[in-house]
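Let me begin by handing over the structure; questions about it come next.
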Amino acid sequence: MRVALFATCLGDTLFPGAVRATLRVLERLGCTVEFPPGQTCCGQMHTNTGYHEQAVPAVRSFVAAFEGYDHVVAPSGSCVGSIRHQHGIVAEHSGDRKLSEAVGRVSPHVHELSEFLVDVLGVTDVGAYFPHRVTYHPTCHSLRMLRVGDKPRRLLSEVRGIRLLELPEAEQCCGFGGTFALKNPDVSVAMGADKTRHVRETGAEVLCASDSSCLMHLGGLLDRQREGIRTMHLAEILAGTEEDR
Amino acid sequence: MSGVDLGMPAFPDAARQAVRDAQLRHNLGRATNTIRNKRAAVVDELDDWEQLRASGAAIKAHTLSRLDTYLEQFESAVTAVGGTVHWARDAAEANRIVTDLVRETGETEAVKVKSMATQEIGLNEALASAGISAWETDLAELIVQLDEDRPSHILVPAIHRNRSEIREIFRREMAGSGTPAPTDLTADPVQLAEAARHHLRDKFLRANVAISGANFAVAETGSLVVVESEGNGRMCLTMPEHLISVVGIEKLVPSWRDLEVFLQLLPRSSTGERMNPYTSVWNGVTEGDGPSSFHVVLLDNGRSEALADEIGSQALRCIRCSACLNVCPVYERAGGHAYGSVYPGPIGAVLTPQLYGVESEDTASLPYASTLCGACYDVCPVAIEIPELLVHLRNRTVRERKGWFDRLSSTAMRGLGWVFGDSKRLGRAQRIASLGGRLFGRRGIGRLPWPLSRWTDARDAPAPAPESFRQWWERNRTGNGDER
Amino acid sequence: MKRPSRDAREAVLGSVRSALAGGQRGSTDSIPREYSGKRHVESLPDLFRERVAEYRAEVRTTDSSEAPEAVLGALEAAAARRVVVPEGFPARWSEPVAERHDAFGDSPRLSTAALENADAVLTTCTVGIATTGTMVLDHGPGQGRRALTLLPDTHVCLVAASRIVDDVPAALAELDPTGPMTFISGPSATSDIELERVEGVHGPRNLHVVVVGDV
């Protein structure tokens, strides 16, 4: 199976560990993974801030890099959400019919990691080992844009050694929201503070999510509060095996 | 369009104050939690909720697509049953019409049923300046009016007040406008409700003029519908001689049968009940029952302009249930006042900029008052795609606003867009960033210059990785490099 | 009286029309109605009773021979002395009331003061809705004008079991939308204080419902 990995600009630049972990899980499950070098960014930050026109180059580079693959996998619910739901809007905005058509061809093949593992590969046990107390935050775009439901949790619950702890009010937004975090820092932090309080209540050592962006926000708060709770991407937990120990 | 000065700081500044108000945070957190759970429970009872929701959305979309026809049909139906229909282009015109109608009765006071439309146009203030006292009779509206406060929620305008605060307001203010509060009033909600009953009773029995809004207006029959809980609506619609209803033009539904959808959707979405205590339906004037004169004021006030926007016009489907406010994590923390509009929360963030334009900093900041988490869309009984509308209105803001700050952001976004448009440029930027990353090691960054200080004021920021994934891949997977 | 302005009418309609002129609104003509037109309910009266009671209304169930007793019981429970019995209310159920209470009708029309002075009102109901625990009054014979069920503090409502339907769609189909109507679901209530429900604000604070099985 020819699979292309979309690292996302944030993963590529700030969180390459999560991307390498994604690669590791996919290869362990027998996928031949390519990294199309022309890839950049999904354009979400621009689109969501209202700069549709400025998002056009990103959409162009995305379809150019990923056209023709059976599957494109990204370790981010929010980037995949943007690709599947907003690339069409941006393309239409540009007035370029060819671009709209290309988007129509490419975006249905793009999957968030947990969707790909559960729906396409049909696995929930990826052979992982992680003997720690973990709580999972289901990020908004995975939950309400992609409707991944409990797929990430199903993957985690098959991890050997893990103790999965229920996060209270899990489905409430963490307050990141892209440029919202800068435009409305006070509300963003207030929301994040409530989320980290719930995380602390679980007694977990690790806060896990499928979006590095939300983890960057929550991790930044946990670090600032010196909570001693680390954040890990879902892929990083799924990548570890018993042999690594 | 009437350029109403909302007279409020833009959302981020107003919200900065609000999130620091411990009492407000507590009151709102508690109230929205209660109502969220109630709603979820009664919605779960219906296995056809999604189908009802699809029908609700479709009926409204259909009505809006033929709005001119349905408005005319409604007008003739109302006229046929003894009512008079007035049309108002904007707030000033609507206020003038209502003021004139009250003046003609010779009365100097009127009782009011809670109505978003009359709040939107500032009717109470307009009447006051004409020497007419308008008494709000909904409990929460009464609290707000007595306290000379502003409403902060569509359904429960005093949601920002808790029971002890309400007791204080009643004890302090009731005497000034009628029956005083009992001297031994406690903060027990039962006693507070009782105090409101006594305070308003003689106003109801004395009043000769009532002013209402309507939840629905049926084009086919000319019927108006008011959905309420306390009975203050029934009092206003039944006891006075004269009734004036101010109705937004988007409130129409084509036929009586359509209400079978909305009377299931609305109560469950708004108060989390299977049905609200009272729903009143009336048609013009009925001999021997209720008011002998009836006027409807059909209000445009920016609605027809919003209708022209294919995406934005979805907001006109809104049935003002307030479910989107109750699930909104931003609303829960910032409170309704921060939105500077009678329509707060997610629906306010998409409606207010459309009704008033995005020229002012206040209205332009509203589409950005959301993380786009999507909780509002999930609960909206008429399936308004609020996150999409927010993004659409952000785009409109970007296109229409040309201040120095807007231009600066625009340049920055253009620059970033340029970098993201090409992998070579992105790769170069990453190499520069990773130099910085090596400098920091894997420690978080505690302080960054403006505008990134808005991040680091309360959160550490991650340092760029010493090696981007792209660099790692090039080193390990291309050419003949070995994976480490 | 001033006539409505034609200018404003034309302006609003014109602006609506021009807003609609540009757009491709898609097909909005066929409205999907895939929701359940009918709900499966084991026993309509049972569900109705249960749902009404959840609003903290008092519910009694009888057959027609015992109905007068149930009505008296309700009035007694509310300590009602002066009782409004609207014209057209079935005599066989109101006669015992007239014997034991100060019962009066609305003809000649009661003054607001007299109505305010009444302790209770007795009415029939046009349609009952089981799923939502709702009584619909169309204010015809046996129910009277709207004010009658508004000012007295107690409302005793007789509901014939045969008039109970499953849910809102069936109820609306039974109703004639040309006159005033009131849908009543429990006593008046408010949730305006911390969103906690409190019964009893402006409408009748006591609602007694008598479901009569065999009519």
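The first chain written gets the first letter, and so on, giving A, B and C; residue counts start at 1 in each chain.
We take it that a contact is a pair of C-beta atoms (placed from the backbone, for glycine too) under 8 Å apart; a residue touches a chain by one contact, two chains touch by 3 or more.
Because the structure is predicted, anything quoted here is derived from the model rather than measured.
J.: Quick one: label the inter-chain contact graph as line, ring, star, complete or other.
T.: line
J.: Tell me the chain pair with the top count of C-beta pairs in contact.
T.: B-C
J.: Using C-alpha centroids, which chain lies at the maximum separation from subunit A?
T.: Farthest by centroid: C.
J.: Taking each chain's centre as its mean C-alpha position, how far apart are subunit B and subunit C in Å?
T.: Using C-alpha averages as centres, the distance is 29 Å.
J.: Could you tell me the distance, in whole angstrom, between the mean C-alpha positions of subunit A and subunit C?
T.: From the centre of subunit A to the centre of subunit C is 53 Å.
J.: Report, in whole Å, the distance between the mean C-alpha point of subunit A and the mean C-alpha point of subunit B.
T.: Roughly 32 Å, centre to centre.
J.: Note which residues of subunit B are touching subunit A in the complex, please.
T.: 11-12, 15-16, 19-20, 25, 329-330, 333-334, 365, 367-375, 377-378, 391, 393-398, 410, 413-414, 416-423, 426, 430, 433, 444, 446, 451-452, 454-455, 457-462, 464-465, 467-470, 472-473, 477
J.: Flag every residue of subunit B that touches subunit C in the complex, lowest number first.
T.: These residues of subunit B touch subunit C: 27, 30-31, 34-35, 38, 47-48, 51-52, 54-55, 58-59, 61-62, 65-68, 71-72, 81, 84-89, 93, 97, 100-101, 104, 137-140, 143, 156, 158-159, 162-163, 166, 189-190, 192-194, 196-197, 200-201, 204-205, 218, 221, 223, 229-232, 234-235, 237-239, 249, 256-257, 259-261, 263-264, 267, 271, 273-283, 286, 288-290, 298, 300, 304-305, 307-308, 310, 313.
J.: Can you check the complex and tell me which residues of subunit C touch subunit B?
T.: 1-2, 4-5, 8-9, 11-13, 15-20, 22-25, 28-29, 31-36, 51, 55, 109, 112, 116, 129, 131-134, 139, 145-147, 150, 167-169, 172-173, 177-196, 198, 200-204
J.: Under the definition above, what is the set of subunit A residues touching subunit B in their complex?
T.: 7, 9, 11-17, 19-20, 35, 37-41, 43, 45-52, 54-58, 60-61, 65, 86, 89, 93, 140-141, 143-145, 171-173, 175-192, 216-217, 219-221, 223-224
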